[in-house]
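Comments concern the structure below.
Residue numbering begins at 1 within each chain, and the chains themselves are lettered A, B, C and D in the order written.
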């Protein structure tokens, strides 16, 4: 980690954004969060388009913002390359004019020539953006943002405007680009797979606050808080009602632990691929199979714990499957059980309500929707 | 009579051209401010800008008469510098026309500015483009439709003014008599043939202008849709 | 004089109210057609609808004079049925005002109809709702903003008409003399105090009306944004 | 399959839609296709909102459209329940008024009471749609569409407007609903997982034509045409250049087959989870590992064949992984190699160009994007 950092507070009507993260000298930082969590606002604040109330932004050893010493660089001065959700290309200019827009006139021709080659846009230089495919548009947007040689690259959900069929391919392209790029990159996303594949570091943003920040693997494997786990797609969450000597209990049953459970543990989480399916009675928890979803490479077994809590297990496509309706035991390897605490300002009662919503209410099991 | 009508037509076109030019200069920054501001001031300013749309031309004309006349602030200045008040002169007519046609220039521009892709503007900023360069190279090309509409409507509406001009400019042939007043005069004089010729010309011109505006808008919006 | 002004004001408001009512009846289907049609006819109809915006009031007044007068088609019918032509009567004024204020009612309605969620309309159809029920229960509530704007602008613009009325209605106190003409008359008679009173009243009224329109639009658009 | 069918032709400017499919008496038919393929247009034509040039639509033994006998029912008469992409709720009405809109007044109170209970909307009856969550909005839209007891349910990308974090849960809800529903359902989607999980039958729509139609499993396992395979997310596609006795060849190598390859075979496809990784030289094809993507339950190994064609292999998270840069052999089980023909009107030259685009161009390998 360098000395670079983002540390800002920002208020808009009822919304408050409060983020403090250290930036790496290179590599991709992904900010994940539900819509409305403040992801895009943060990106715009870093670019200087939205103004922050207080805070400091330091990139490449230069202060872009430092409210204490009265520094607040205009977007024009921040040396930032921004790629917008729908790319926001200049529709009335050619590809070459788009790419060269941010480059001083005397170096423009040379830079445009280099970047159109790098991004395989040769032959398209005289086209308008409306004549390009989705992938070409993305490459123009990236080339345009990188042309002025920025100190930081900002990407706002770069693949969300792209047709699903193209997304996987463009993601691979982005991955290839990032591997060769020295510019530190901040990527905003609500797509877990995108973040997982592209990012070196992940921050989880909920309600304008960073709930978790670390390397991609750390964060995905150990979300830390319940809210972060939900954002990161954890669906097997067991609310903890009580804990005794080396065991936790809930209405779903009792699990023995290797060590004492922390008093702060609100839920236990486990990824669906880490759970094994055993004969009835032989597992750590008893469950009933509700249905099986075919997801291509994997099958997802939807189960139901004794208190009705839904529980998901993922098997490889070639593994044998239990029959829907049959009782099974679930093996939960202790090393994969992750304790989760209440996040940032969440009080236990809220958490319990959250638990009820998740497990008692909408997702009640078996399927509560029945049309007569 | 024919020469008379020709002089009147030339004068009318001159008035419309000068007015529209001045209005584009004044109206562009005003429309941009209205399109982007979030201040409380926006509503009263918008209302004042739209006043000439609903205000009786006579009310407008009356206040302009007071403002530009020998005892009004603008009139006094004019007397001090040029020796005569602004009423019943071409300059007075231009000022009156600008007020009268203001909404026809500001409103299409404001709508166009409100419709442009704000992200493209922000992209230009983050690429280091100054606000002036962004305006010229990114905003104006996107708002070109609004500029054409403003130009055409402002011009056509100035051609058609009557009440304000009658009060501020009077009816001096070759000096302040514009087409709309010439028609009124002919009707008053029961010269229906003369009124007919002028009316038909203006009717056709107005219809063509509006068809052009709507056709262009339609083409462009279809183009944007298809592309 | 005070009684005179009062009569004139009442007459003006009556005229505006009747005009706006008629225009909403005629303008709503016209605006709906303009908002939904894809036919080639759309452009010329749009242009004709907008003509009163740019056409000199005197041209409009001249043609209405011909149309409504003793030798015009409407005038002849009127003479046959009622014994008098329509010019210089209240009915004639209403017809002239309707033509004059048409775009101020049709254009906001058209914009509102163009802005409604077409999918909600299609949802209503697929739920078995007739076109009339869909219009009343789904389209009108969504376009309420457009109806308010049309009502207010149409009313205010009718209050302010001058050129058309002067030519078609003349200046008969208690019969066809409306406020804008009363102001003109007072200025011609150099009764600046009288003109001032009436002008100020109309100015304030117009400003309030427009502020209301813009404020409402802003509130609603903000509400839609937040929700 | 019942006697019900959709068989229509429709023209809009340069676009022509030409679809003929038989409808099941119950169950969900998903139409998959890229954006612009005509999916939504087809749905709107079935609902009667767009008018078809020629054709016949028969649902529940009633003709909705039969251009030969001049039948063309208005949308109001088609007894169709439609759920729009963003739900298109009546924002100015309460939840109860929305649900009851399509029901005659005398039965309205009773039907609304029943459906608000079924869809767990009790207590929300007096709210406006703007006060509801995404999940509640979906339930209102479904309840409103089902209230008049339609003969067919049409869903236009029902989950695409929903936040990613909610999507999985709402999909499970939809699945539960469909299992209890007797109304045949036509679902338009561009989300493979959605279609796989929800549909009993799948149709693949490309450029206004059905490329493949069958049960979900049939279609996903055997796309039939190259275009359908691409829509269905097949990424391992090997263009066939020549075939000899029981073998096919391409610039990527040579694969022995159990039986003679059809002359019509344009490409061979295989799903990434069906490929095994063997020591170098021991597989059916030689490859180099480029990078490994962590996708949670599975790891995706990105490889490169000898001619540069990218190739993807999926392993369970717990399987051992080869190192990037190392040579490997790929085992392609013959029973999982799927022959693909040129689709509907595609001539071989187009196909080869397609192959070049896919394998030689954009996705060239190793990563062609490099910023100096």
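Simple rule for what comes next: a contact is a pair of C-beta atoms (placed from the backbone, for glycine too) under 8 Å apart; a residue touches a chain by one contact, two chains touch by 3 or more.
From a predicted model like this one, the values you see are computed outputs, not experimental measurements.
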Problem set entry | subunit B-subunit D separation of Cα centroids, rounded to whole Å | 55
For this session: Please report how many Å separate the Cα centroid of subunit C from that of subunit D, as a whole number.
Result: 53
For this session: Would you pick out the residues of subunit B that each touch at least 2 other chains?
Result: none
Exercise. Residue numbers in subunit A touching 2 or more other chains?
Worked result: none
Problem set entry | Arrangement of touching chains [line / ring / star / complete / other] | ring
Seminar exercise, completed: Chains touch in the following pairs A-B, A-D, B-C, C-D
Exercise. Which bits of subunit A are touching subunit B when the two form their complex?
Worked result: 44, 47-49, 74-78, 80-82, 84-86, 88-92, 101-102, 128, 130, 144-145, 147-148
For this session: Under the touch definition given earlier, write down the residues of subunit D that touch subunit A in their complex.
Result: 34-35, 114, 118-120, 135, 146, 163-165, 168-169, 172-173, 175-177, 179-181, 190-193, 196-197, 217, 220, 230-231, 233, 235, 271-273, 291, 293-298, 302, 310, 314, 316-318, 361-363, 366-372
For this session: Write out the stretch or stretches of subunit C touching subunit B in their complex.
Result: 42-44, 46-48, 50-51, 53-59, 61-63, 65-66, 104, 153, 156-157, 159-163, 166-167, 179-181, 183-184, 187, 192, 195-196, 198-199, 202-203, 206-207, 209-211, 213-215, 218
For this session: In the complex, go through subunit C and note every residue touching subunit D.
Result: 117, 119-120, 122-130, 137-138, 141-142, 227
